[in-house]
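Across the two complexes that follow, subunit A remains constant while its partner is subunit B and subsequently subunit C.
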Partner chain A sequence: MAAVWLTLRLAAVATFLLLLSGTPLAWWLARTRSRLKGPVGAIVALPLVLPPTVLGFYLLVTMGPSGPVGMATQSIGLGLLPFTFAGLVVGSVFYSLPFVVQPLQAAFEAVGDRPIEAAATLRAGPWDRFFTVVVPLARQGFVGAAVLGFAHTIGEFGVVLMIGGNIPGATRVLSVALYDHVEALDYVNAHILAGGMLVFSFVVLLAVYGRARLPSPER
Partner chain B sequence: MRTASLIALALAVGNAAAADVHVAVAANFAAPAKSLAAIFEKQSGHQTVLSTGSTGKFYAQITTGAPFDVLLSADTETPGRLETEKLAVVGQRFTYALGKLVLWSPGTMVDGRGDVLRSQAFRRLSIANPRLAPYGAAAQQVMEQLGIWNSSQGRLVLGENIAQAYQFVSTGNAELGFIAYSQIRDPGKATSGSFWLVPQALYAPIRQDAALLARARDNQAAHRFLAFLRSASAREVIQAFGYDLP
Partner chain C sequence: MSVIQASFRMRLGEFSLNAELSVPAQGVTAVFGASGSGKTTLLRCMAGLARAPEGLFTIEGETWQDEARGRFVPPHHRACGYVFQEASLFPHLSVGENLRYGYRRVPESLRKVAFDEVVRTLDLGPMTGRSPQVLSGGERQRVAIGRAVLSSPRLLLMDEPIASLDSARKGEVLYYIERLRDQLRIPIVYVSHAIDEVVRLADTMAVMSEGKVIACGSVTALASRLDLRPYLGRFEAGTVVEAVVAAHDLEHGLATLRFDGGELQAADVESLVGEKLRVRIRARDVSLALSAPRDASFLNILSGTVKEIGGGQGSGVDVAVMVGSSIVVARITRKSAGLLGLAPGKPVYALVKSVAIDRHSVGYA
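What follows is the complex of A and B.
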């Protein structure tokens, strides 16, 4: 049960940080005409394509004592991130980034220029425009991004396996505990966890896709 | 019985061209298996296909019909279980290697007697998961014998197999770890870092058994591969990679 609580905590913290960092990034991607739009969009999408173990291995190396991130965290007194909860949060944020940024970007693009320009003619400042016009219009995008980011982090495996070290209460999340049971041929416990995750994932996705069908009141 | 099947085999072989043998290899034996396969292919003309992974995963795959002919297991239990489930040919099982456990650090941290363990002057110690990997179970036995198993709990990181336990140490994220001697032993080269070859008295022998899987009962290449594994030249290679032999 420690694994369930840990996994939920990890997903909640990662989703919070992802919304915080993903919103400005998605906004920039949706509005910019910069030549950097393509490369940045591609980098955001990388975790969709890369095998999670590759991502995990590079995180392990860069967060290790001779990697750039590891040297930085050590010099500011944080120590090394692998095998810690904070390390898993960092890994999860990278891993789930496209699942948050892409729905947000699509939602921002769908808002279009007109409502924002209209708000500007009414002398709304940029922050005011964003929070009173864009956010309500892109609400579905925020819900979708949060749910997908949360669910994707719950199902994360390869990255956690590589940087976690399987420490009960700190880094042994559900998927790793499940993997342990399967490897140890303890199929009964494996089925309990796998069945639980299956039901949970289905309910979450049903919530997302069921909602998406509803006509949005603003449009 | 065995002679009869050998004769049947010899007859079957008469018209069989050089066949393939698919070998499932426990992670710790990956490097020697590669060398052995190269020699075997040259000698016999048969092709070998090697898949490396954890013994537990191979077991699950074999029970669902994975196309392996030979299993080079990291333990004796898995081949035994495959025999009782009629998934491996009874009477073909033998111990091809005895694993040796080392405490290793890429730096100079480990002394020749393992005193670093008792001093507890480290932050992270990497071992393979004792529940899953024989080398992990051996590491646990050693630490229990030294009376430091309980006091080390907060510092242990568990690799899902011995390859990952090695990776945690080699990337510097754990300062030291219990790994297979074969992982740091490269025949003809000096061993890097510092290590303590753990005395055999501190852990039960890590017997690694080979099994002929049921689907390869009549596969001549598989039979020849197992015979080759027992030959003097193969034993020499296995020892050069840091294993003992029964």
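What follows is the complex of A and C.
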């Protein structure tokens, strides 16, 4: 049960941080005419195509004792991130970034210029416009991003294995625990975990896709 | 000092805007021109939605843009309302919340219009609780106009607000814009490519072509200029005279409109006796004769002298006739002009069919 609780906690923290960092990033990607849009968009999408172990490997190296991030965290007294819960959060944020940024970017692009311009001529400043017009109109995008970010983080394995290891209560999440059960030929517990995740994932996706097809309330 | 002054230069791909404009900060100013002539870009520059690298924009002494001094007031700091061609209401808010969006953002001490007055003028009361999605196109545009007016603008910009509506809705929304113009004293800049709307609403007109303002002045004066006729549209264009309703002939459904060149009989004009009107007389509805016909169906026979004969190619020619101090333009064939021996100074009679002048060709001055 410790693995389930840890996994949910990891996914919740990672989703919160993903929405916090993904929203401005997605907004920038949706609005910019900069030449950097292509390269930044590609970097955000990298975790979609890379084997998670590749991402985990680089994170392990940069956050390790001789990596730039590792040296920084040590010098400010945080110690090293690999094989800690904080390290897993960092890994999860990178790993699930496209699942949050892409739905948000699509939702922001769908809002278009017009409502924002209309709000501007009605005396709403940039932040005011964002929170009173863009966020409500992109509501579905936020729901989709949060659900996909959360669910994807729950399912991660490769990154966790590389930078988290298998420490009960600290880094031993569901997918790793399942692997252990199979290794130990404990199929009963493996079935409980695997079946539980299957049902959970299906319910989450049903919530996202089922919701998307419903007409929005004001129509 | 009650003036709106604008000067914008900018390039947008192939198109370049190079517009200068100085119009009174009162009543309705129409910006008229074909599509692609830069009307919308000019309006967006005025609102601050687009920023011309070389731009100057002042209204009644207040500067909203002066690039020479590096000054650019962003749109949300300008007291400037904007009505888009499509209503662009916020779909996540009710009609009432849409109306209050700009209203709430203006400090109470700076509010120039009362919420209830605007709602009453535009008949929006029954709609406030509804969602914008259930409204008709005309109703939506009325809400958009009300929403813009409620932000207490010093200047109201309207970008072809009725162009996307069917003709019945057009009339309905025009009626409300007229009420607004007469009840709230907010200067309006109204972009249009329909001359009948311009005549109905505007006192002043700026004609645009290829990014430039090629003429600017009173609607009456510009409509009588033959050199502008290619820009004002061959078929719909006509001159505009200012007239007063003198009498009604209820039996025949005709109204007598008196102007300084004589009298016009018009069909189905419902204005009260004594009301001042702007009357558009389309050039193609005017014929010319050397003597007054006694056995023809024309009710309007105006005596005048030829002022100018337009140039140009083709079978048709525009002839400007001075009638009193007003100008009436006739569109006749080049052949007729030759047969009649028309030349400047020659006395002629301008003949206008009464059914050609109806309530669609009048505006309230």
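Everything that follows uses one rule, which is that the second predicted complex is superposed on the first by the 216 of 219 C-alpha atoms of A that agree within 3 Å, B and C clash if a C-alpha of one lies under 4 Å from a C-alpha of the other, contacts with A are read in each partner's own complex, and residues count from 1 in each chain.
As a convention for this text, contacts are C-beta pairs under 8 Å (C-beta built on N, C-alpha and C of every residue); 3 or more make two chains touch, one makes a residue touch a chain.
It should be emphasised that the depicted structure is a prediction, and the values quoted were computed from it without experimental measurement.
**Q** Quick one: subunit B and subunit C on subunit A, clash or fit?
**A** Result for subunit B and subunit C: fit.
**Q** With the two structures laid over each other on chain A, which partner does A:36 touch: subunit B (first), subunit C (second), both, or neither?
**A** neither
**Q** How wide is the angle at subunit A between subunit B and subunit C, using CA centres, rounded to the nearest 10°?
**A** An angle of 150 degrees, rounded.
**Q** With both complexes overlaid on chain A, does A:185 touch subunit B (first), subunit C (second), both or neither?
**A** A:185: touches subunit B, not subunit C.
**Q** State whether A:121 touches subunit B only (first), subunit C only (second), both chains, or neither.
**A** Second partner only, subunit C.
**Q** Which partner does A:46 reach: the first (subunit B), the second (subunit C), both, or neither?
**A** neither
**Q** Scan A:136 for contacts with subunit B and subunit C and give back first, second, both or neither.
**A** second
**Q** Tell me which partner A:161 touches in the superposition: subunit B (first), subunit C (second), both or neither.
**A** first
**Q** Please give the least Cα distance, whole angstrom, that subunit B and subunit C reach in the superposed model.
**A** Distance of closest C-alpha approach: 51 Å.
**Q** So in the complex, which bits of subunit C are touching subunit A?
**A** 47-49, 74-78, 80-82, 84, 86, 88, 90-92, 101-102, 105-106, 131, 133, 147-148, 151
**Q** For the complex, which residues does subunit A have touching subunit B?
**A** Of all residues in subunit A, those touching subunit B are 57, 60-61, 63-66, 70, 80, 82-83, 161-162, 165-167, 179-180, 182-185.
**Q** Which subunit B residues qualify as touching subunit A in the complex?
**A** Touching subunit A: residues 54, 56-57, 59-60, 124, 126, 129, 131-132, 156-160, 164, 167-168, 171-174 of subunit B.
**Q** Please output the residues of subunit A touching subunit C within their complex, sorted ascending.
**A** 114-115, 117-126, 128-129, 132-133, 136-137, 139, 218-219
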